[in-house]
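All chains are identified by letter, namely A, B, C, D, E and F, in their written order; residue positions are counted from 1 within each chain.
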Amino acid sequence: MDFLSGFLTRFLAQLQSPTLGFLIGGMVIAAVNSQLQIPDAIYKFVVFMLLMKVGLSGGIAIRGSNLTEMLLPAVFALVTGIVIVFIGRYTLAKLPNVKTVDAIATAGLFGAVSGSTMAAALTLLEEQGMEYEAWAAALYPFMDIPALVSAIVLASIYVSKQKHSDMADESLSKHESLSKQPVAAGDYPSKPEYPTTRQEYLSQQRGSANQGVEIWPIIKESLQGSALSALLLGLALGLLTRPESVFQSFYEPLFRGLLSILMLVMGMEATARLGELRKVAQWYAVYAFIAPLLHGLIAFGLGMIAHVVTGFSLGGVVILAVIASSSSDISGPPTLRAGIPSANPSAYIGSSTAVGTPVAIALGIPLYIGLAQALMGG
Amino acid sequence: MTQKASKLVIVTEKLLLKKIAKIIDEAGATGYTVVDAGGKGSRNVRSSGQPSVGDTYSNVKFEVLTPNRDMAVKIADEVAAQFFDDYSGISYVCDVMEVLHAHSF
Amino acid sequence: MTQKASKLVIVTEKLLLKKIAKIIDEAGATGYTVVDAGGKGSRNVRSSGQPSVGDTYSNVKFEVLTPNRDMAVKIADEVAAQFFDDYSGISYVCDVMEVLHAHSF
Amino acid sequence: MDFLSGFLTRFLAQLQSPTLGFLIGGMVIAAVNSQLQIPDAIYKFVVFMLLMKVGLSGGIAIRGSNLTEMLLPAVFALVTGIVIVFIGRYTLAKLPNVKTVDAIATAGLFGAVSGSTMAAALTLLEEQGMEYEAWAAALYPFMDIPALVSAIVLASIYVSKQKHSDMADESLSKHESLSKQPVAAGDYPSKPEYPTTRQEYLSQQRGSANQGVEIWPIIKESLQGSALSALLLGLALGLLTRPESVFQSFYEPLFRGLLSILMLVMGMEATARLGELRKVAQWYAVYAFIAPLLHGLIAFGLGMIAHVVTGFSLGGVVILAVIASSSSDISGPPTLRAGIPSANPSAYIGSSTAVGTPVAIALGIPLYIGLAQALMGG
Amino acid sequence: MTQKASKLVIVTEKLLLKKIAKIIDEAGATGYTVVDAGGKGSRNVRSSGQPSVGDTYSNVKFEVLTPNRDMAVKIADEVAAQFFDDYSGISYVCDVMEVLHAHSF
Amino acid sequence: MDFLSGFLTRFLAQLQSPTLGFLIGGMVIAAVNSQLQIPDAIYKFVVFMLLMKVGLSGGIAIRGSNLTEMLLPAVFALVTGIVIVFIGRYTLAKLPNVKTVDAIATAGLFGAVSGSTMAAALTLLEEQGMEYEAWAAALYPFMDIPALVSAIVLASIYVSKQKHSDMADESLSKHESLSKQPVAAGDYPSKPEYPTTRQEYLSQQRGSANQGVEIWPIIKESLQGSALSALLLGLALGLLTRPESVFQSFYEPLFRGLLSILMLVMGMEATARLGELRKVAQWYAVYAFIAPLLHGLIAFGLGMIAHVVTGFSLGGVVILAVIASSSSDISGPPTLRAGIPSANPSAYIGSSTAVGTPVAIALGIPLYIGLAQALMGG
């Protein structure tokens, strides 16, 4: 009871935090059809600045620290990333009106990490005076990449299985040899108006789709994405050079303000994408609401094990929970689009942007901070 | 003096920019021109997580002058086969074109 | 296999983007493509207070593939009737077009 | 005499204020055809930042204050906005070579408010250590919206009256029933090359134009404009959340610098639009020079009434005068373009940007501050 | 009602924007439309020191409607003579165009 | 020996400076094909901010100073700019597989000045606590413009001489009167598919190319370029207005951070342009490596003369050396493209961006600072 009332008080206080205020402000402003726009160049630059700052401060702080401590949390991050995808594969994908590839892609996006959500959590942790390991932000790729890789691999296995059974059907009915009419196969819509040459390409492609999925290109693409690149570049510069002066005169003081602008964009975006979410099965909305909280709690639990075993800080546990709770907004979508091309982006981007991210920021972050504070108090 | 040509136009998702450029190159076209475009079609898929509330378009429009209609159709077929099942896109050809000046055509 | 089509092009002030998109939709076209454009014409009206010293264009160019010339002319007429008295704009049609690949045409 | 010499001294000092310096610098740099450009994304972002800052600081300060004090100044703002339009309607519109709709639109733009000019005034007030009510910036919409609405309504009434008399003429001459040739009507240039179908649309449209003007859509469009949206969002966030930290670390310290950049853009823009102004009747230049000063003085007078009656601060009076003196640069033009489509934007944008705004900033602001200081000293 | 026209398209380096606009004006065209474009050709010269790692295109594409083919060719010749020895560029003409609505044509 | 070891120690320390770190980080990130992009609008704005800051601080500081001191360094800057072009003309241009116009243009670009490199040097000087004259940044145009003008004039003379001898050849062979076939002339590739009308234009043009080169348009174009415009605007505003408040609250604190972003862009750009450099003769790479160091040393030597004769500070000497060492990245390329259209931009931009600029920043700046410190110590 005490825990709950303490949590609720803190939660209501959080609603007044500027971070959340700007998020909600953005949602409202888009809902009333305001013409206000944050130019794309500014959005991209803000994201770069935030991840650079997080990377630099991590890199600077890591210099002296003992990185073996990072081992267990990193393993837990990796496990969480993979587990999230399998949860989605065996819950969301089984629901009515939900296509399997769409569900796998959605789970992959929810397993991947949002740098913006993480930045919001770091700010709130600092406001609450809660300490965390300098390297905690470096857990990001350990969850992000495995989640994306798992989703793409699972989807490829599923698609190639589908095709096998389709082909079996086709040869059974022997349509192919009898007619030049193209045959609609699997999830692909039939498009008879295409010239026949197309069909040859398609069959070719189908033939080759049976081979295994290569994992390294997916990892490489994730690392090359603009979000992870900026974070890793920041980490490297923090570690290898002496950027303290520029960090303290530029990246650090601008952090909060730029975050407020990013929250505004994310709020506007959430409203704008609601329409896309509406076009897909309602189960996506349900998943997008529950999953971030559940994923965060799983990671929180694993983090607590590390807390007990290796002394991982409670602040660090919160960060682990938040990156699990978050869903990727920058690098994840294009990676999935290329890796699972047959999945409908409206399903996964809609779920993540319109519901998942606001839930992770507005409910998830305060929840995990509240939990940690209650545990500290206890 | 001038030379007849076909113009192939492909409008599709920006994400595919490099891949389509490669197909065009490999088909032996002497070049291509590309512009950022917005648009609406039957699919209307936005392929990136990039803010749609921003001010950028998420399609690209390719224009390729080809010495004959066959090369244009070949490129279009290849692009459609590889991408149009999963991505938004349209392609069309405009036949009566005369190239007046070009460094290689 | 492929299908003949007309291509309607409308170049006008960016301010009208949404309104013209609506006219195109309502006329039953399967889609449209739009790009930012600059230009000069007889009116040359800049319709916004937006800095002209900046780096953005203030026109848009619509391209609409229509299954027949009539639909193109209908859209152009509607747009001209509603806007070309008061706004800069030009529209033209290009008849010989073949749609090679499209999700709906 | 003392007043005048004091005023002149202060006025010359103002010419060295960086705000004005950047404005004039921008005018010069554009006049010498420099390639220097401030990218559009930066311009939009700067405007957002300034209005957000003004909104936030207003919202934060309003929290504890007694808003009934705002009543009288708000009414005066509203009255000024409407009066400005009527002044334009019965002076500028009566001048030779000035088309009535163009004049009404111009008066509407001069009645509406420029957030940038207001931001410049707030900076100068702070430099002079002159106090003003925290809510003074919230007077903006009370003048802006009524001015735009009045202009659009006046123009619609005028246009629909014109059409009535045109129609009367037309039926008198019975041309319509005799010939399929289109007839040039009203202000519209004749374009006989248009296909006949067009003419049907036109007649249709003319028929429906007689109905009354709906006011709510105009108000809605004003509120949705990017400038007012940013200001109101800032106000709301300032009121309802606790953005002090982000305000003090970001919005406040960047304010002056961003303003200097905006002034540069406005200066460049003034020169660039001069050509447009030249294309229209010279009376626009005369109006654009006199009107800002006159409008400001009217508002200054009304503000003084509030000063005496309800203790409205002299700083507040200056702000009221400046927003009257200013003419809208961001949201006004597109609103007018849509609301009074037959008006020539070169007339109103040229007048406002090339002459009105520089006059309001370079002469208006120092004038009203000088007046207020002289009154304080007295 | 409508009027036949030629459409001249010139794709070249952005640097030449103003100079080409001047040539078009002087040739007596009623206007032109211009869009930012990227592209690849045989020369592929990037004419500015502007970061190529940025997000902007370094070509422009002009489209000029001319009342007849001769004016189009005249403009293209002039542009090619003045610039195509030293700058990237291509020009082509599309003959069958019908202008539906224009303020001056 | 002592000097050398001291220099090497300092040099290695510099490698950890954030300025250099970001440059190298950018090179690496582009080399691994990262998707990270700094939007063009941000790049342009950053450049503006840096040059404005340099200009403003110069302008503010110049106010009280004795500008006659500037005379000798300005003359040396001018001399260096011209000498660099002649060196290129008589070394690079004589090498095998190097076209003369390309070489002249490259030398012009290396003679011209990079504001970004200069900004990096100013930061490093401040970090080292090394003093320099406030007006030192104002030496920029004195080297930049003469270098560009010399290159364009030399190239024009060369091209017109070439044409004379070509024409002589042509009339000798009397081909022209015998055939309508176009004849490939000089460096121009033959393009027989062009319609005949083209050829007339070409001959016309060739005829007129023999006239002298007008210098004033080149100077004007340089001054109108966005880099010099921003610098001169800053200088003027610093001199004529009182921008201290906005300078200290905005331009000054953001300087280092923005510079770090610019270095990142320049690093990415260096890698991206490497391909262009590969397309031209290898001698360009050799020139681009040696030239910046040599040019800097020449200027350093001249600067030392001024140091001895008029007391020009050693910090000032370093700045003179750095602007000589730098090659123009913003205004230079378009000016040369317009002024020497027949030169291949891949040659000069590739040389400068891919090799010259990194060498000037990473080796040049530490070298000249090291030299100056050794001389001070001595």
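Heads up, the rule we're going with is that contacts are C-beta pairs under 8 Å (C-beta built on N, C-alpha and C of every residue); 3 or more make two chains touch, one makes a residue touch a chain.
Note that this is a predicted model, so its numbers are computed, not measured.
With steps allowed only between chains in touch, the distance from chain A over to chain E comes to 2. With centres defined by CA atoms alone, the chain at the far end from chain C is F. The chain with its Cα centroid farthest from the Cα centroid of chain E is A.
Overlaying the C-alpha trace of chain B on that of chain E calls for a turn of 120°, given as a multiple of 5. The centroid of the Cα atoms in chain A and the matching centroid in chain C are 38 Å apart. In terms of their C-alpha centroids, the spacing between chain A and chain F amounts to 44 Å.
Multi-chain contact residues of chain E (touching two or more other chains) are listed as 2, 35-36, 55, 73, 77, 80, 84, 94, 96, 100-103, 105.
Across the assembly, chain D contributes 37-42, 191, 194-195, 198, 254 as residues in contact with two or more other chains. Residues of chain D touching chain C in their complex: 30, 37-40, 43, 188-189, 191, 194-195, 197-198, 200-202, 204-205, 265, 268-269, 272-273, 276, 328-330, 332-334, 337-338, 341-342, 344-346, 349, 352-353. Against chain D, the residues of chain F that register as touching in their complex are 39-42, 44-45, 48, 223-226, 229-230, 233, 236-237, 240-243, 245-246, 249-251, 254, 331. Across the complex, chain B meets chain C through its residues 8, 11, 35-43, 57, 59, 61, 72-73, 76-77, 79-80, 84, 88-96.
Here chain D touches chain F in the complex through residues 15-18, 20-22, 25, 29, 32-42, 127, 253-254, 256-260, going by the rule given at the top. Residues of chain C touching chain B in their complex: 2, 5, 7, 21, 25, 30-36, 65, 94, 96-105.
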